[in-house]
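Each chain gets a letter, A, B and C, in the order it is written, and its residues are counted from 1.
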Amino acid sequence: MDTTMKKLPPKPIEWKKRILHWAIAIITVFLIIWSCTGIDFGGIKETAGQIAGAIFTGIFNPDWSYIYNGTGEDLVSQLWETVCIAFLGTFISAIISLPFAFWAAHTKHKKWYLSRLGKIVLAVIRSFPEIVLALMFIKAVGPGSAAGVLALGFHSVGMLAKLFSEAIENLDDGPNEAVTAAGGSKMNIIMFSILPNLMPALISNTLYRFDVSIRSASILGLVGAGGIGYPLIIALQYRQWNRVGIILLGIIVMVIVIDAISGWIRKKLV
Amino acid sequence: MADSAVKPIIELKNVNKIYGKDIVGLKDINLTINKGEFVVIVGLSGAGKSTLLRSINRLIDISAGDILIAGESITKAKGKELRMLRRNIGMIFQSFNLVKRSSVLRNVLTGRVAYYPTWKSTLNLFTKEDKQRAYDALQQVDLADKVYSRADELSGGQQQRVAIARVLTQNPDIILADEPTASLDPQTSRRVMQDLKMLNEKHGMTVIINLHSVQLAKEFGKRVIGVRAGEIIYDGKMSETPESTFNQIYSGGEKDE
Amino acid sequence: MNSTDPEKLMTLPKKKFKFWNLIWVIIFIGGLFISTGVTKTSLGAFFSNFGQFADIFLQMLHPNWAYLGAVIPLLLETIKMAVLGTVIGSVLAFIYALLIARNIVKNKTVTGILRVIMNIIRTIPDLLLGAIFVAIVGIGPVAGILALAICTFGIVVKLFYEAIETIDPGPIEALTAVGANKLQIIVFAVLPQVITYFISYCLYAFEINVRASTVLGYIGAGGIGLYLQQTLQVFDYAKTGTIIIVIILVVVLIDYISSKSREALMN
């Protein structure tokens, strides 16, 4: 063996990177420790385990009689109402989203501050709590699923228009140029080039949003805006664990089925 | 055509284009193109061919100078006036620029949009005559059987011929073709060039083509314009152009790029 | 210019009728009619009552800044909930994702069953989980943290196991060849390839959690949502407005920081 082998040199140190990494690590740890302070972990009910067990038993021994009884207050009718809320709400939001998307899309022929402003407006809409919106609509049109539809329709604009505008930004400018070169107006460009090219993205994003809306629609009932959420909260309050069980099962099945259908349509249409 | 041949249809007067602060796109271009001419513009990529062509129908706004189309200034035109001038100038692109998901017919009909009020074209209310006109155009480029196919089902060469049918339906006096063959193989390139020649000879349209292929330029061009670093360095009849001129146009590439 | 050609020009043939397009349109329009009927939504009612909606909105636009002092402590609690929910959920997701990635665990029955469980957990919306946990552990932030942890789990585990399954298999083979055990393979071959993805997914989940945590209080699961419920119940919209503005500011700010860090991480 060669005795002149060099010793392992020390690892080269990149001070800047190292300090940054340590700083981030320390901040993260500090943040987590801080989060643990001041939260009352002792407030857990002694019966917690018992209730959790009861809910589990409820899921495996569901209240089958609740599935359908023809009163319109049963599981199937409530789930159907939830699906309808999501469907109509998504449709409304897709319509409203289009103009917003064109506003927020940063394209070649637009001032940057216009699209930036549009993006900020969308961010605000996204962050406006859906439940509060639902309550405001309940004040306007009364409690029930119509308020849920409107709340979903407006709230979803924040996310849907953002996705739409990203799709618009990704469009190839070539076909638009062709319409311009033929003497087309702005409206001509939208109708002949942008919309047809955009269609696949519009459809698949709307379907994706429909999946999200189904989940949202099933919580809107918690505040009285229609759908399956209302019977669930009632059942929880009255400790009807078997009914909680069947409702949870119903929601799980509904979401899985809708996800599968929308995935299938997405594949088929695009 | 004898007397109209001397009538200028495009006039560029002291045209300058500066990108950003100080990147020169076009430098003091003076150029007159007469009705019925078949012009090829040659030069290295980045020499300014595309800028020159696109400033004629104002897809690019020039920085100084004036461009007249049949005596009317396009640089000063606005709104409807600009669209009417553009209606008279067809354009063919390197990347075809078809709407891929629309039918061939709808793509061809796009050439007619400027003939309709916006609401009518939005509702797709094209007249029977115009639909027939589009179909006639497709027959001339031998694509009649594809009329209801989706554009993305067609090959590259076929797509470019749909673009030519689009221009034919637009029925302009001037055709600008920006590297129409750059994304095609040699055989389809020749076919596309023949179609452009047909537009020139049969329909009397004035055709201006950007080409980087010297071979195609020599084969089809009648008048040749050489561009280098944003300036016109040669302008003459193809038949009288010596080989040395092409060498000159295509030299000094390193400086330009 | 209108050159009518001497050549034979055919007339335009009729367009072929597309049966399936019609079916889609019928399903879609039928769906709209049915859902309008079921939900009893009427645009007329909406517009005639729009005044009331706008009125509430205008009151919210005149926030009560004096209320800010009361809001801040609960806002901090909300952020704490989001942090803890993210941490707990991410840790669980980290382990679980390694168990369901098919390039690590070869037994398809095990991964299959675990995946079904994961997919079921992913279907339940955050607020419903909150309501259930309130029923189990009682009112307070613990219910919220548990709900957020499960949501985080659902989000991170799916993204992370998919990232693990798309890694370059070369290093795994190399380590298997030198006789490494499962844990060594994970540490030396798998994790270096996916750890930045994992952090990025955690940040993404954190963004969603901050959003979700602000309303959890409405159903008693801790955080600022509690005041949302209290002020709305007494129609004190000026105070509600204060809370909403604070929520929007915090959410947008955290969104911005987090998405910028994710971008930095990925480069």
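Methods note: a contact is a pair of C-beta atoms (placed from the backbone, for glycine too) under 8 Å apart; a residue touches a chain by one contact, two chains touch by 3 or more.
Chain-to-protein mapping (UniProt): A = Phosphonate transport system permease protein; B = Phosphonate transport system ATP-binding protein; C = Phosphonate ABC transporter, permease protein PhnE.
Note that this is a predicted model, so its numbers are computed, not measured.
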item: Pair of chains with maximal C-beta contact number; value: A-C
item: Chain located farthest away, centre of subunit C as origin (C-alpha); value: B
item: Separation of subunit A from subunit C, taking each centre as the mean of its C-alpha atoms, in whole Å; value: 5
item: Rounded Å distance, subunit A centre to subunit B centre (Cα mean); value: 47
item: Contacts with two or more other chains, residues of subunit B listed in rising order; value: none
item: In the complex with subunit A, residue positions of subunit B that touch it; value: 57, 59, 83-91, 93, 95-102, 106, 110-114, 118, 121-122, 163, 166, 170, 176
item: Parts of subunit C lying in touch with subunit B, wherever the complex brings them together; value: 1-3, 5, 9-13, 15-16
item: Subunit B to subunit C touching residues, read off their complex; value: 131-132, 134-136, 139-140, 144, 147-148, 171, 173, 202-204
item: Subunit A to subunit C touching residues, read off their complex; value: 31-32, 34-41, 43-45, 48, 51-52, 55, 80-81, 83-85, 87-88, 91, 123-124, 127-132, 135-137, 139-141, 144-146, 148-150, 215-216, 218-219, 222-223, 226, 229, 232-233, 236, 239, 244, 248, 251-252, 255-256, 259, 269
item: Subunit A partner contacts - residues on subunit C that touch it in the complex; value: 24, 31-32, 34-36, 38-42, 45-46, 49-50, 52-53, 56-57, 76-77, 79-81, 83-84, 87, 119-120, 123-128, 131-132, 134-142, 145, 211, 214-215, 218-219, 225, 228, 232, 240, 244, 247-248, 251-252, 255
